[in-house]
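Each of the next two complexes has chain A plus one more chain, namely chain B in the first and chain C in the second.
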Partner chain A sequence: MTATAERATVPGPPSGLSARARRRSELTGRDVTVSAVLAVAAFVPAAALVWLTYEMAKQAYPAIVFNGWRFFTTKTFTLGNLYGGTPIVHHGYQAAHGAQYGVLPFLFGTVVSSAIAVVVAVPLSVGGALFLADRVPARLQGALGTFLEVLAGIPSVVFGLWGVFTFGPLMSRTGFKWLAALHIPWLSGSPGAGQGLLTASLVLAVMIIPIIASTTRELFRSVPPLTKEGAVALGLTPSETARHVTIPFVRTGILAATILGLGRALGETIAVLIISGNALNIYPHSIFDPFSTMAAGIAAILDGALTDSTGMALHALGEVGLVLLLVTLLANLGGRFLTRRFSVGGLPVGRGI
Partner chain B sequence: MTELPSIRVGPSRSPASGPQEDKLPSSEPSVSDPAEVEATHGPSVFRVENLFFYYGDHLALRDITLDIRPREITSLIGPSGCGKTTFIRCLNRLNDLIPGTRLEGRVEFDGESLYGPDVRAIELRRRIGMVFQKPNPFPKSIYENVALAPRMNRMKGNLDDVVEESLVRAALWDEVKDKLRASAFSLSGGQQQRLCIARAIAVRPEVILMDEPCSALDPVATFRIEELMEDLKNDYTIVIVTHNMQQAARVSDRTAFFTVDTSQGGRTGVMVEIGATSKIFTAPSDQRTEDYITGRFG
Partner chain C sequence: MRRRRRFLDLTFWGLALLAFVCIALPSLSIVGSVIHQAVPVLGWSLFTQRTNALGIENAILGSLLLLVGVLVVAGTIGVAGGVYLAEFAPARLQRFLRFFSDVLAGMPSIVVGYIGYVTLVVAFHWGFSLLAAVVALSVLVLPYIVKTTEVSFRQVPTTLREAAAGLGLPRSKTVWRILLPPAASGVISGLIVALAISTGELAPLLFTAGFSDQNPTLQLLHHQVPYLTSVTFTDLALPGARAHATAAAAAAVSLAIVVILIAAGRLMTVRARRATRGMAL
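On to the complex of A and B.
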């Protein structure tokens, strides 16, 4: 608007225009169409996220009012008597007799299992990716890389079954037994058949390793050879080069890949459900105990909740889902914040002296 | 770490003398007798004999024989693709990193075979510093860039002092002393290159290899680095690859001219001649050298 007005009065190049207006004046009609399409495309995910959150909140609203803060302090989640008894009324909302909705055990299970998974998966992924990118000859690298990507695409139920049939029993006979023998608080107790928090966490780790490792491998391949050669020319050993040059070079990317893996671990449902020992109301006292997560809990309870004539059970599950969504968003935001801190002005910065 | 010998060989220069003075060494007698060379210059730092270098099947360097003398600046000049980079990387075994490469012939460093069976390349590289064509700082702070290798090598002495000393020597200290913790990437290209030089001298090498260290720099930064080389020459042996003939003439004591030879099929790098810089630039003994330095090179 101003652009045309000024151009009409001032002949020659529109030098008095703002940079933005000048850029715009260079666009053809086709450019405008393209950028409009791109703008819409860019907003779709944002809109989808807002819409999703809104819908979850709407579904959860009666439960939010009904539960209040007790939702975060109650250590049990039971649907109550779905076939009789007088419904409880609270803040104008009804729930089945004896119903108690507490997210705490689920929240605990989600956070702890994902944390263990990430702590186990990140060093293995980074180490493996480094090995793949640096030590494996180019021809083999492609094949092994493909293998990683295939692994990342395996349905989680398969991982779950593998955890129950093979991995859990194996660990309970070996590693878990040795760990328990150390009698460290929280790491002791009976591993049983190997179904519980630690097995599930380790299977989660196995599931997210391909995600983190394949991303990290690409990152390592993007490190300029010149930078690595600089380290080698100084007489640094390969491991010193990796630790002080290659890894720092891509650390923000590794962080982003970790958040990606964490997101998958936080939301993993079926594998955890199968391996968790399916204990809805047990607050694990040992790393070997059965437990549940928000995602697995929702899947396990949904069937029963649908039969609740007051409808509150479903709302409560909606509230669990909302918390899960918020935890995931929080993890992402936290990751973004860290990424930003690690890369002031887009430059990788060392921790200094 | 080998101690640097405190006796200086060759024409002594006070570091204070300006870069304009005593540029070209007073015409060097064209000695070819190794014993005589040794008598005047001390033992060679590098002695390369009949070196052939292959990238896979491609012969990149043929039959290179030359000596690099201590505490001198030797410049390597020649047209693009003649193998200067390849050659200089043979001197610190950096080509070992490139799969499929092969070296034949003999390279001696400090009197011992560089490619011998029990030579530990990693330890050797600590004695041979390198500055690359483009600045390649590490993704760390300015301080850490310089401190990293001394710390890894467990060098004795106070690390802060090593860092300061190296940065002073690289003529960068005044510009960075207040922001040592800032990212090395926040420096300008010329500053980054001087940081890379500081990084190289922090490990107190005996030799510094420089592959076109000024090609990405403006004249002022180039001049500073040339000044720096002049100063470093008192303690270090320097080998520099350069495309800038004036630079070679200005800074170096000896010049080797490489070219591409196509007579035997394929493009192979060969060394045409090596001699005192003054001689190479005023009275080269080979027509190809003369054509190149007078700009008649095709």
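On to the complex of A and C.
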């Protein structure tokens, strides 16, 4: 509907020329050349995306044929005996003796850690952004906003370093111990040194907070003052204004920012690899247990997979990567669909950092 | 009733304040703990010795070299693409290209690393090399540069384009002479953000750049490149307080580079705002 409205506002061509012909007649020869050169550059991201997806599918193909559905029903991912034994053959493809490729624990780790991260990050981001936008004097806003920018810029390996040496041990001595003492199923057990699912998820939350919070802050700032003043004139307290006017006004944008953060959490590699405890082939029995994700698993196993003379290990990791790619893509597209569905005003959405 | 609402109001803002503290504390804690852990090895030798002698000179040089590479490759392509989207592309093509660019921005970095390894390093026979690393990083930050360039050009008021067209200036000249000066600050701040992202990346480099105890050279192919995040990652897993301190020192240096870049980017954003302010009629 908006498309037709837009089209209607464009003034029609004056003398029966089509819009396209008119535009072309305005461009000089040099313009056309410049435009063509720039167009090539503009197509690079699209080409890169298609190329990445195609290569990923090509790399994964032998593993897809070799594994079949077992890929999604097995919980063991082992490269097998890389130095001896007769290679096993399945559907015409070879793999090392004893090799088994199952994605389930990785998939579980990715989905659960990202879900925890989003559940923790969204209220904190929205609350913090609201505080920053509504309650902090304008003079201080820039200075306090620096926290968000610094947080957004911290390299993920530094998050890993912090998680493993500072945050993890601190939490296992304090918060995790108290949580474990409540004896809630799956939330109990020994926190250990603080490496595991909960620590990694919380660090992921800290990593995606700047993405969600800085976008949300911009959105809160873009809410027209008149709307808020109306609410105040009706006798609403500041918190009621926030809850009934400001937040609903930008909820589509918050949703879009959340999806952006979710995408980052799903694909995060290095921080998770360092903090997760890197457990293969098992599901975490409690929230404090070591685990692994698809992204971290690829990074951890790739070195070993390179020594597989049948090459199937590399292809199997490719299949893991393809699943990760598809999950991320689905989250992105789902987010786009949702934002379009619930979109009210078409407010701008930033991109985190 | 009134007292209850006032109480709810206070609780709500108390919680919001708590949320903000939960955001601010980690960034303080991270910066503080990294510097604290790095203290034992801080000194000039860190910057004058290479990684085989407990310094990180080669890694710093390698990281800077990678940044220059990203600026050259992703910078030129990204800015050109952004200008095309903002000034030349037909509306439908714009939507199409923007969609692909957005999806590429969500690409997990390890996927880029994996594909970089199997294609650039192995299939193209580039080996672990500067070029493979720069291409992998560039793919990752390209969408950001395209986006910020496009937005910066769009922020220049249409009246300038109309005036230029009214004076008979060709479109390409309008872009170069009229639109670029006010848009430049925004474009540069986008480039700086892209560099900040590249400084902190490791996953795409893990299997494309390799590592070396030597200082990096300008050889594009077959020569491994040392870089900071790799030092942090490997030394972290080594036993011993000294290795951990070196890991933290490398982390502190990459953090410092990021902070400097962010500060520069912020300065540019302020300038950009000033450049376009008051231009619209």
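Just so it is clear, the second predicted complex is superposed on the first by the 296 of 353 C-alpha atoms of A that agree within 3 Å, B and C clash if a C-alpha of one lies under 4 Å from a C-alpha of the other, contacts with A are read in each partner's own complex, and residues count from 1 in each chain.
FYI, contacts are C-beta pairs under 8 Å (C-beta built on N, C-alpha and C of every residue); 3 or more make two chains touch, one makes a residue touch a chain.
Just so we're clear, the structure is a prediction, and the values are computed from it rather than from any experiment.
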If touched residues of chain A are counted for chain B and for chain C, the larger one: C
Which superposed partner A:P248 touches (first chain B, second chain C, both, neither): first
Touching partner for A:V44 - first (chain B), second (chain C), both, neither: second
Which of chain B and chain C A:F159 touches, first, second, both or neither: second
Touched partner set for A:P123, first chain B, second chain C, both or neither: second
Chain B versus chain C as contact partner of A:L329, first or second or both or neither: second
Which superposed partner A:L302 touches (first chain B, second chain C, both, neither): second
Which of chain B and chain C A:A193 touches, first, second, both or neither: neither
Contacts of A:V65 with chain B and chain C, given as first, second, both or neither: neither
First (chain B), second (chain C), both or neither touched by A:D31: second
Common ground on chain A, meaning residues reached by chain C in one complex and by chain B in the other: 237, 240, 351, 353
Residues of chain A touching chain B in the complex: 137-138, 224-227, 229-237, 240, 244-245, 248-249, 251, 344-345, 347-353
Parts of chain C lying in touch with chain A, wherever the complex brings them together: 5-6, 8-9, 12-13, 15-20, 22-24, 26-31, 33-34, 37, 76-78, 80-85, 88-89, 96-97, 100-115, 117-119, 139, 142-144, 146-147, 165, 170-172, 175, 193, 196-197, 199-203, 206-207, 229, 232-233, 236, 244, 247-248, 251, 254-255, 258-259, 261-262, 266
Chain A-facing residues of chain B, complex: 92, 94, 97, 99, 122-130, 132, 134, 136-141, 143-144, 147-149, 152-153, 180-186, 196, 199-200, 203
Of chain A, residues touching chain C in the complex: 26-28, 30-31, 34-35, 37-39, 41-46, 48-50, 52, 55-56, 59, 123-128, 130-132, 135, 144, 147-151, 153-162, 164-167, 206, 209-210, 213, 237-240, 242-243, 260, 263, 266-270, 274, 295, 298-299, 302, 314, 317-318, 321, 324-325, 328-329, 331-333, 351, 353
